[in-house]
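Here the chain labels run A, B, C and D in written order, and each chain numbers its own residues starting at 1.
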Amino acid sequence: MLKVEKLESGYGPMQILWGPDLEVKPGTITSLLGPNGAGKSTLLKTVLGSVPVMGGSVLFEGRDVTSLPTHKKVDLGITLVPEGKHLFKEMTVYENLIMGAYRKEARVHRDESLELIYSLFPILFERKDQKSGTMSGGQQQMVTIGRALMTKPKLIMMDEPSQGLAPKIVMEIFETIEKLKKEIGLTILLVEQNAAALDAADYVYIMHEGVIKAEGNPEEIKNSDEVREAYLGI
Amino acid sequence: MKNNNVIILLMVFLMMAIFNAQSVFAAKLEKVIIGHPAALSGKYAKAGEQAVAGIQAAVDWVNSVHGGIAVDGKKVPLDYKYYDCESRKESVTSLLERLITSDKVHFTFAPYSSGLTLAGAPIAEKYGMVYMDHGGASDKIFRQGFEYVVQTIGPGSRYHAGTLEMIKKIDPTTNPHPKKIALAYEDSEFARSVMDGAEEKAKELGFDIVFKRTYPKGVTDLTPLLSDLKAAAPDVVIGGGHFQDGQLLNKQMADLGINTRLLSLIAAATLPAFGEALGEFAEGVMGPSHWEYGVTFSKEGAAKEGLTWIGPSQDEYVKLFKKAVGSDTLPDYHAAEASAAVLALVLAVEKVNSVDPDVVRDALGELKFMSFYGNWDIDKTGKQVGHAMVDVQWQKGERKIVWPESAKTADVVYPKPDFK
Amino acid sequence: MIFEQLSGNLLQGVILGGVYGMATMGLSLIFGVLKVVNVGHGAFIMVGAYVALILFQTLGIAPPLAVPVALILGMALGMLFYYTAIKKLLKGPELASLLATFSIGVILEEVCKQLFTSEARGYHWGLDKLDLGFTVLPYSKLIAFGGSILVGLLLYLWFHKTRAGMAMRSVVEDDEGAGVCGINVDWEYALSFSIGIGLTVVSGVLLTMFIPVGINPYMGGSYTLKAFVIAVLGGLASPYGAFFGGLVFGLIENGSYTLFAQIPGLEPFAMTRFFSFVMLLVILLIRPTGLLRTK
Amino acid sequence: MMRHLQKYSPILPVLLAYGVLLGIGLAYPGKWQLIAQLAFYCALGQAFNLFMGMTGYVDFGYVAFLGVGTYGMAVSIYFLYDKGLGIGLIFIGLALAAVFSTGLSLAVGAVALRLRGAYFAIATIGVNEGFRYFVEGARIWNGADGMIFSRHLRKAVGRETAMTLSTQWADILVFGVAVLAAILTLVYMRNKVGYALTALREDEDAAKVMGINVTKFKIIAFITSAVLAGLLGASAWALKLTYVYPEDVFEIHYTVEAIIIVLLGGAGTLLGPIVGALIYGASKYFLAIVLPGFQLLIFAPIIIVIIVLFPEGTVGILKKKIRGTALEKFII
């Protein structure tokens, strides 16, 4: 579904990505793991278009989308659950979700998407008129995921959804992610430092210093001592 | 590569500015040049534009009608060189020096305003150049001991003297007698000297000052001050400072329905734009002016007073001015002042047959003359003492001179009509 | 007596403050969305004043009807300056955008000087006035006040009830979040700069209904400074906060005058200004999010 | 020893530039005022850059320090001229200027330095305007009337000396301020202050977490920059022009000029303010002569073009070009 080839990008004079290759197959969860500063977030942002591309290409469903602006990519069905949530804190939960269905294509399905999200996260229905900035971290993460679902995506990229959350909530989040794959058939690209992401994944990439160092099934990665010690610290 | 080009270009600019071709020193006097770091942009642009056009008109007259300046037994043309100091003090000094040293001008003019006049004074003094002050009305300039500064504009302290004398005369202290005067001026050195002068004069004539307040420059709403003023119930309001605040004061007095027997504003009320801006609210509003279109100074009048006359008649002057600005603009007193300063220089130079600054400066000290601008006479310090102001009143959308009686073009409407 | 004056001044202050508030909304909107402080703010107010003046004098169009013209002109100017200068400076240092907006202001001033000369001009609409006894209110002021409230209200509705307005609000809240929702952030920047400038030019028209005189190319400076104080009062990034900031400012400016006037030896008008800037500092320190926000 | 000297070698081009400028001024007395005006812009840029360039904080009310400095010198001459102090008045004036600007910078620093970005810029504008209206409203030192003290200076030191002071020594003092500002900038750059401020400019929070006493160094740079401005005001505005009006010395336009100069040259560089000042001053002067009345109309778009195309300023670009060459040691 998503194919990243020799992607290079960075901020101004500072290059971060040095040509990683990566593929996400439809209907799977693909995990991208690696230490802090490996360039994982930059990769996601480059795919979505908020960081300028310096070289290489991005293909979505076989189509070259490398230089398409972000909002056009959202139209095609790519979205991101950004690191650090990036909610509209002064807006209510409901308003946040509605904003997810901003594009014309998503607006058509607005009500059914809302229904789905409220069934996934009943708490969001209870609190739909609360300002999102006043909620707990876990709830905010739910709103972020809900907002991303509202765009009616085919591919969701998630940037460290477990960050800063209590272990119990992390479990819940991962369960939800798996549910999204199984029940709605979403394709997911999951970026994590948390090794728990290994278990949820169908396929794993290991990234370090802007390049892919290893890839394989979760078992293969787990069984490779070299990879575990060098990049995962487990 | 592109970057280098830009840098080189700017460097060339720099070199051109510093070593800009110097005019060859002329051993024989071929023309007389006056130099002027004018205020053509920035906050004094309005007055600066008028002054430049005024000087151009006067120079035009000297060359085309007067036939040039008579020095050394022949007539040489008068030349005028001006730069734009942007109403900024640091530019005044460098541009003035450039005029003196590179352009070799013979006489210098100060920019508009007391502050900028002061900024250039030390340079003019250093080079011993006559420095014609046409727009710095502060009395204090002439208490500093400058030797080369010569004023044409009248000093601020006398702006409202005529107005007060007029009230005293035409509204004798019978019932109801106007004794209560309110002063509301802009807070600046110039306006304050006008206010203090007015206060002194008013007390001398037996009026009561019931209100005396200033407002800061750049004010956008005078309502609180005016409601205070309204409470003091004055018979006469005098004040102002600049163009905008004068319009504002008038407009907001009308808004608040503050009716008085007389309203007199410095600077603003004497300009054509005032009537256009205020419409019927301008009716009856007065203002002291150094000069006004319609004054009746003439060659015959000069002869009667036994004074030398120089320069164009008023109508000729207006024609020359319009030619200089290239549009149908009437000159106001900022232009007339600057023109009169040129005429004073011409007379002084011709009298002593020299362009030596010291000799000319002495001649200016002795000089007494009349032009379309009126009388001209300075005291020992260079301060203008000969020029009398006129009072202008808006009557049916036109400016009429109503005081002094000898110069008036219409009778004063007093008390002024109420605001509708 | 003093009470009567104070109440008159306060009422005038509210009316004036409404117009001030309106004149600040554009500044706050632009800061809220782009994080750019528009130092050339006052110059756009000046442009609006000329729009009202010229339309009235040459075509006899009543000032309220000049509002749509001002809005269109302002939005066009906003787009022009956004795509020629601002867009390229958004990622640069703060300094660059400050200097750019300042230069834009200078360009406008100098162009207007060439077009209209630096003469202070005005127009005379000639409406009647309302005498309340303790103070007098011309109808043109009341119309300006009503217009300001209307614009403020429309802006509020637009922000809260329309899709486009909510999208812009979401960019104010979090531009990255807005991006993943498929909102074209760059276009929202352009649009909000354009609307911000449009509002500012419109406020210039309304200001002339309040004060139809003294219109000149350099009149904007004092409005820029006032707008800064008002914007901070209302919370720098909140356009309708700015409206209430304006009301508060008008009240304080006119109210404190009466009080300062009781102290001998002071120039109350200048002290009023001094007081408003002190207030600016205090608010920045204690409550940088503005008076309204609860956080 | 050598290493020590090398550390400070970038001062050489700076001294060279000021030396050449001063040399031209002395060799062509008829150009002295132009040189003086350029020196004023150099000093203004250099002093402003000391704080703004190093910290990234834009003090929009910077001109207030020049203003109080002007008042320092003015007060000394206006009130003490008949005390028989002679030339000593000037030193008292400079001292007062330093005291006033230090005092104001401490007060402003205590309040405004807690703020960042646009909030800091607006707060400092507020300080400048508030201070001006306080002077006018409370009628301090004649309020809006200001002080005209040409006469006083003349009474104190005699006509000839007064004239030389105003038309020559005041400008030499400006050169002094410029050189002093450059030296202090380099010393700070090469010492703890500079490192701390660089860290602060990149990421203030991170610098705090790293245990750098950000506030202390920020205040040191702020006060230094303010005192230099005070001295500049005392010499270029008070001693040279011999009058002071509050609306003239608290005029925000001068802060903008400082920003333009620093940005044209390159913020945070040592040589930048000089290059910026020369470009700015010379082109302004040139336009005033060639096209009087139109220079702002021409200048403003040029500034926009320059900041859009060269956001790092001329010296910033130069630094990039000479990276790795022998010149690198001298140009920072």
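Please note the rule applied: a contact is a pair of C-beta atoms (placed from the backbone, for glycine too) under 8 Å apart; a residue touches a chain by one contact, two chains touch by 3 or more.
This structure is a prediction, so every number in the text was calculated from the model and none was measured.
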### Query
More C-beta contacts across A-C or across B-D?
B-D
## Note on the structure
Of all chains shown, smallest offset between own Cα centre and global Cα centre goes to C
### Query
Among the chains, which one keeps its Cα centre farthest from the Cα centre of chain B?
A
### Message
Based only on mean CA positions, could you tell me how far chain A sits from chain C in angstrom?
### Response
42
#### Entry: For chain B paired with chain C, centre-to-centre distance based on mean C-alpha positions, whole Å
35
### Query
Between chain A and chain D, what's the gap in Å when you average each chain's C-alpha atoms?
51
### Query
So which stretches of chain C touch two or more other chains?
110, 267-270, 272-273
### Query
Residues of chain D that touch two or more other chains: which are they?
133, 136-137, 143-144, 294, 296
### Shared interface positions of chain A, touching two or more other chains
none
### Message
Please list each pair of chains that are touching.
### Response
A-C, B-C, B-D, C-D
### Task
Using the touch rule from the top, collect the residues of chain B that touch chain D in their complex.
3, 6-7, 10, 13-14, 16-18, 20, 38, 40-41, 45, 49, 82-86, 88-91, 93-98, 100-102, 115, 118-119, 121-123, 125-126, 138, 140-141, 143-146, 187-189, 192, 214, 216-217
### Message
Taking the touch rule as given, give the residues of chain B at its contact with chain C in the complex, in rising order.
### Response
41-43, 45-46, 49, 187, 213-216, 218-221, 223-225, 227-228, 231, 242-245, 247-248, 250-252, 255-257, 268, 271, 273, 276-281
### Footprint of chain B on chain C - complex, ascending
1, 5, 8-9, 12-13, 16, 110, 113, 117-124, 126, 129, 131, 135-136, 138, 141, 210-216, 218-219, 221-223, 226, 253-254, 257-258, 261, 267-270, 272-273
## Note on the structure
Residue set of chain D touching chain B in the complex reads 24, 29-34, 36-37, 40, 133, 136-137, 143-146, 148, 150-151, 154, 159, 163, 166-167, 236-237, 240-243, 245, 247-248, 253, 278-279, 282-286, 288-289, 292-296, 306, 310, 314, 317
#### Entry: Of all residues in chain C, those that touch chain A in their complex
163, 166-167, 169-170, 173-174, 176-186
